[in-house]
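Below: a set of structures, written as structure tokens.
Here come two complexes built around chain A, the first alongside chain B, the second alongside chain C.
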Partner chain A sequence: MATNARLPRLAPAPPRSIVRSLLLTLPIAVWSLLMFFHPGTHTDPKSRIAAAMTALFMTALFFMMMRTGKTYRWRRWFFVTLGILFPVGFIYNMVIARGTMGIPIEEMIAGRTPFCFMPIPLLILPAALTKTLVFPGSILSSGRGIAAMVGLWLAITLVLGKGWCAYACFFGGIEEGMAAVPSRAKIRKIDPRWRYGPWAVLLAMVLLSLALFEPAYCMWLCPFKAVSEYVAARNTVGLVQNGIFVLLFAALVITLPLLTRKRTQCSFFCPFGAFQSLFNKISIFEVKIDQTRCKSCTVCQTACPNMSLSKESIARGETLLTCMKCGACVDACPRQAAVWHIKGTELAWKPERARLMFLYSAWALAVMFGGSIIAQGLVTILHFLA
Partner chain B sequence: MTLRAKLGYTAAALTMLVALLTPFLLMGIFSKGFAALGLHVDEMYSGGPKVRTVQNGAYSIAIHRPVYPHMLQNEKPFVQLDWSPVSALPAHVSDLVDVDGDGQPDIRVSFDVPNNPKAPLHVNVEPLNPRYEAMRNAGKEKYSRLIVRVDDAILVRVPLANP
Partner chain C sequence: MVAFVVFGEALTLGLVSGPACIAACGPVLVPSLLSERAGVRSHARYLSAFLGARLLGYLLFAVAAWELGALASLLPAPRMFLMGAVNVLLACVLLWYAYSAKHICGPSCSESKLVQIGATKNRGVGGAAALGLLTGLSLCPPFVAAGVRAAELGSLAAALFFFGAFFVGTSVWFMPFVGMGCIARNQAVITVARMAMALIALYYLSMGIAMLLGRKGYGY
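Coming up: the complex of A and B.
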């Protein structure tokens, strides 16, 4: 497979000077302060400490991105932290509010089911045909309403496209963390046809949601119900649903990432990820392969956690539609052939400028959205420590 | 620099602007725009709009419009009735309810109101009009056949008989 050991490796770019890296980090530091310390927030010391820790963490990671020129390596710290701390804060709040992670039918009828982004593609057809949202939540409710999440998703999607899955998704970090555990993949040959899995699940779930008038993925297949909230098991059907959630979580989020070093839930299963891929078409930022430098060593293909590169796509100088702009291929390429790119511009011309423009946009949103979730998780931990 | 490249950089700069405006402006605009689309949550969850309220001493009974399932939804049509406030309800409720507003009672609904708000509820519904189905000691089996406490109200959903 990878024969990069014999390839002439281009000398990596020297690290930026500390002063220049600090100057480049300054806007993100100011943004972090603005996001975490705007007037009216933090009434108690624990949330102030959590906000300060998060602001420092996000700023430090951005500084390291600027200093080392590596993206994926430092983004992963953020993303795994987000994936671990989201359930911590979320489950704690659920248990405080209702005493259980299970959603009782009363909460669904009251429209108090928190709305995450996963069902968004499932709502479109029923909403278009009948003006009905097939979700037991509220359209307008503070913070967790459907409108708030849709507004946030739309804004982030305009900026990042499929980059949502690498800078905003609060579920993917768990499997990215699992995929980072082994030094080598036990399963290296994966049939490329598995890439169609998310599209098949998306199609099935969209049609099923329309037919059953319920968010079918949330009711039956979402592996992350195991670490967030699930349908309260009040009968055999509920027990089966919860069994499926736990099995899918154990297989797709824990076991397979450990064996393959890939984000297998995202690569083979996630219907939201497939849907989100469509928005890469409108995103101005992308990753390209510079054919003048590429020696087809496929190191980038091996490094990609989402199976978004194939030999054919590399030969075309492109990533696949599912590329989430995590930067793993750019970091891994020994010849700097994988580059950040702004559509319409010349490929080899100042890729670092494209990277900076993308990273400022992506990190600003990561601080705003993911950062607030990390801070919430830290508040929960500080609460227990105290 | 070509025109395409200039347009590309302009779009990239605008994208950065979008990112910066997201928390202050765009998120709110998009959320309000979505809310203004006139969509509503499926009535199987929300119970449908209230059409009448009947005062019964210190408490009232709100009667909702009947809800009919969509396509393959595995539920029966039902009508939702809300008793509120819970604090004004007697220990045992047994009310005749004119659901369709024709001046004749359609069902008799009976349930106990435990002091503990988390205690399970059970309801009996005796139909006086064949349009409604009977319920015997029902809890919260399905969306179309249940009794639950939500905030300061007790909600009963009575299934409608097949026409």
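Coming up: the complex of A and C.
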């Protein structure tokens, strides 16, 4: 197999001019202003400062994407910031509202738990068939908030497919940050069968949820309970549940990303990610491998944080179903063989235009959804600094 | 006439509570079926063993229900102990079944097109029967309802008859699972099924141990 060092590296595309990059960034700048400064949004200076900082941050990152032609590096800044600031704002609000991060069963039954997108696969069918929300959560006093969230998720998912996991998920940022810390992976050889883990967790959790009439994943396996809301334990089993959350978080979100440079929780465990992968079949955006340029150096495979490329898939000129369109492979390919693509068009058809169309959709979502979470986290920090 | 009424009552109870039985047995049945070789015949064979053993579990329960008067009204502690023991056994069988499925994926799954003679073999029906028996002994809500009714009947034969009819009613809902044999098998399907079985087994094991120790299964 050819190694990267032996390959003739194609000259990278020159950076765009500043003026052209600014013009391309203009729609996102306007969108950011609309999102963060529509009338009646901010009542105090701290939230105005946080909104301005977030709008500037998101616009600057998009500008750098346009200027450099790179996607992953700049998206990662956003994503890690989102992952860090989500627990900050969330925990603060939890403590203000409830006085603790622990949720007792009475609160769950009363529907006073915050909404989480993770159980969406579990609640769609019961909600459609019986008008019942099996997950005891709400973001408003009624189910309207959840309906709005599910509608928003569905619209975004139909467009981006598994891109949700790289531009919207507020859980993945911590492990992506951890994966970025070491310069080289300590563990490089990973059995590819672990890639089936999320599907197994999804199957097991859906079946157990049906059998037990409870959201089994939330009750037993969610690693992010460690940084959001834990079980208000009243006996030994409750302590065991919390212990499982902390152990899974420590292993899958902290330790393994440090050792492998991969998003291990997403790659090997997250059932929502597996469910989300199915929508890659519907989404019009995808990443393809141009076989006329590819020399099978597998640099893209190494760069992929989600193990969504294999030698076989590269030979077929495509990513695996689990690709989250983060752009790592496209940025890493020395021969520009990994390209953004719109289904139904020829592979050679202006990949940069496909990238732009995808990024406008994805970044508009990032500003609207992730940006508001970042702003909330910043408000909390400013509150403490003041 | 009385027998006819009892049969109708048990059959109706089985038919209406079938979906609950499917939900209760799903974590065991679905992944273990997915770990079988593709084909309607092999699935029919598995389901026959599973349901046959489940019937045996039902009848054993019927004997116990009648002998003890009303097993469903057992004190919470022994009932929890019984459930805990069943859960631990179920977990052990599931783990063994997941392990034994490693040779299922044969020529149809091999990445090369070479035929691997002897790479696949039919598994015996012992595993399916053990899983069926243990799920048959589980105290799921419809099963408890049937147990309470059976305990009120006048004779052991009537209790057995009642549970037999109840079994027929619930089994109707299991028939579509034969269709899972039409799902093509490859390494991905088998691996996912095995991993899911292991996860579900861990769940049953932890719940079983908690129950054996006299703890509640929930921490809230």
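Methods note: the second predicted complex is superposed on the first by the 367 of 386 C-alpha atoms of A that agree within 3 Å, B and C clash if a C-alpha of one lies under 4 Å from a C-alpha of the other, contacts with A are read in each partner's own complex, and residues count from 1 in each chain.
FYI, a contact is a pair of C-beta atoms (placed from the backbone, for glycine too) under 8 Å apart; a residue touches a chain by one contact, two chains touch by 3 or more.
All values reported here derive from a predicted model rather than from experimental measurement.
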item: Superposition on chain A - do chain B and chain C clash or fit; value: fit
item: Which superposed partner A:Trp220 touches (first chain B, second chain C, both, neither); value: second
item: Partner chain(s) touched by A:Leu210 [first = chain B, second = chain C, both, neither]; value: both
item: Touched partner set for A:Arg234, first chain B, second chain C, both or neither; value: both
item: Partner chain in contact with A:Tyr196 - chain B first, chain C second, else both or neither; value: second
item: First (chain B), second (chain C), both or neither touched by A:Met357; value: first
item: Vertex chain A; arms to chain B and chain C (CA centroids, nearest 10 degrees); value: 50
item: First, second, both or neither for A:Ala337, with chain B first and chain C second; value: neither
item: Partner chain(s) touched by A:Ala328 [first = chain B, second = chain C, both, neither]; value: neither
item: Of chain C and chain B, partner touching more chain A residues; value: B
item: Which of chain B and chain C A:Ile105 touches, first, second, both or neither; value: both
item: First (chain B), second (chain C), both or neither touched by A:Cys270; value: neither
item: Minimum Cα separation, chain C to chain B, after superposition on A (Å); value: 5
item: Footprint overlap on chain A, where chain B in one structure and chain C in the other make contact; value: 105, 108, 210-211, 234-235
item: In the complex, chain B residues that touch chain A; value: 2, 4-5, 7-9, 11-13, 15-16, 18-20, 22-23, 26-35, 37-47, 69-74, 140-141, 143, 146, 148-151, 155
item: Contact set on chain C toward chain A in their complex; value: 23-27, 30-31, 111, 187-188, 191-196, 198-200, 203, 206, 210, 215-220
item: Of all residues in chain A, those that touch chain B in their complex; value: 31, 35, 105-106, 108-111, 126-127, 130-140, 145-148, 150-152, 154-156, 158-159, 210-214, 234-235, 283-285, 342-346, 349, 354, 357-358, 360-362, 364-365, 368
item: Touching residues on chain A, where the partner in the complex is chain C; value: 104-105, 108, 193, 196-197, 199-201, 203-204, 207-208, 210-211, 216, 219-220, 231-242, 312
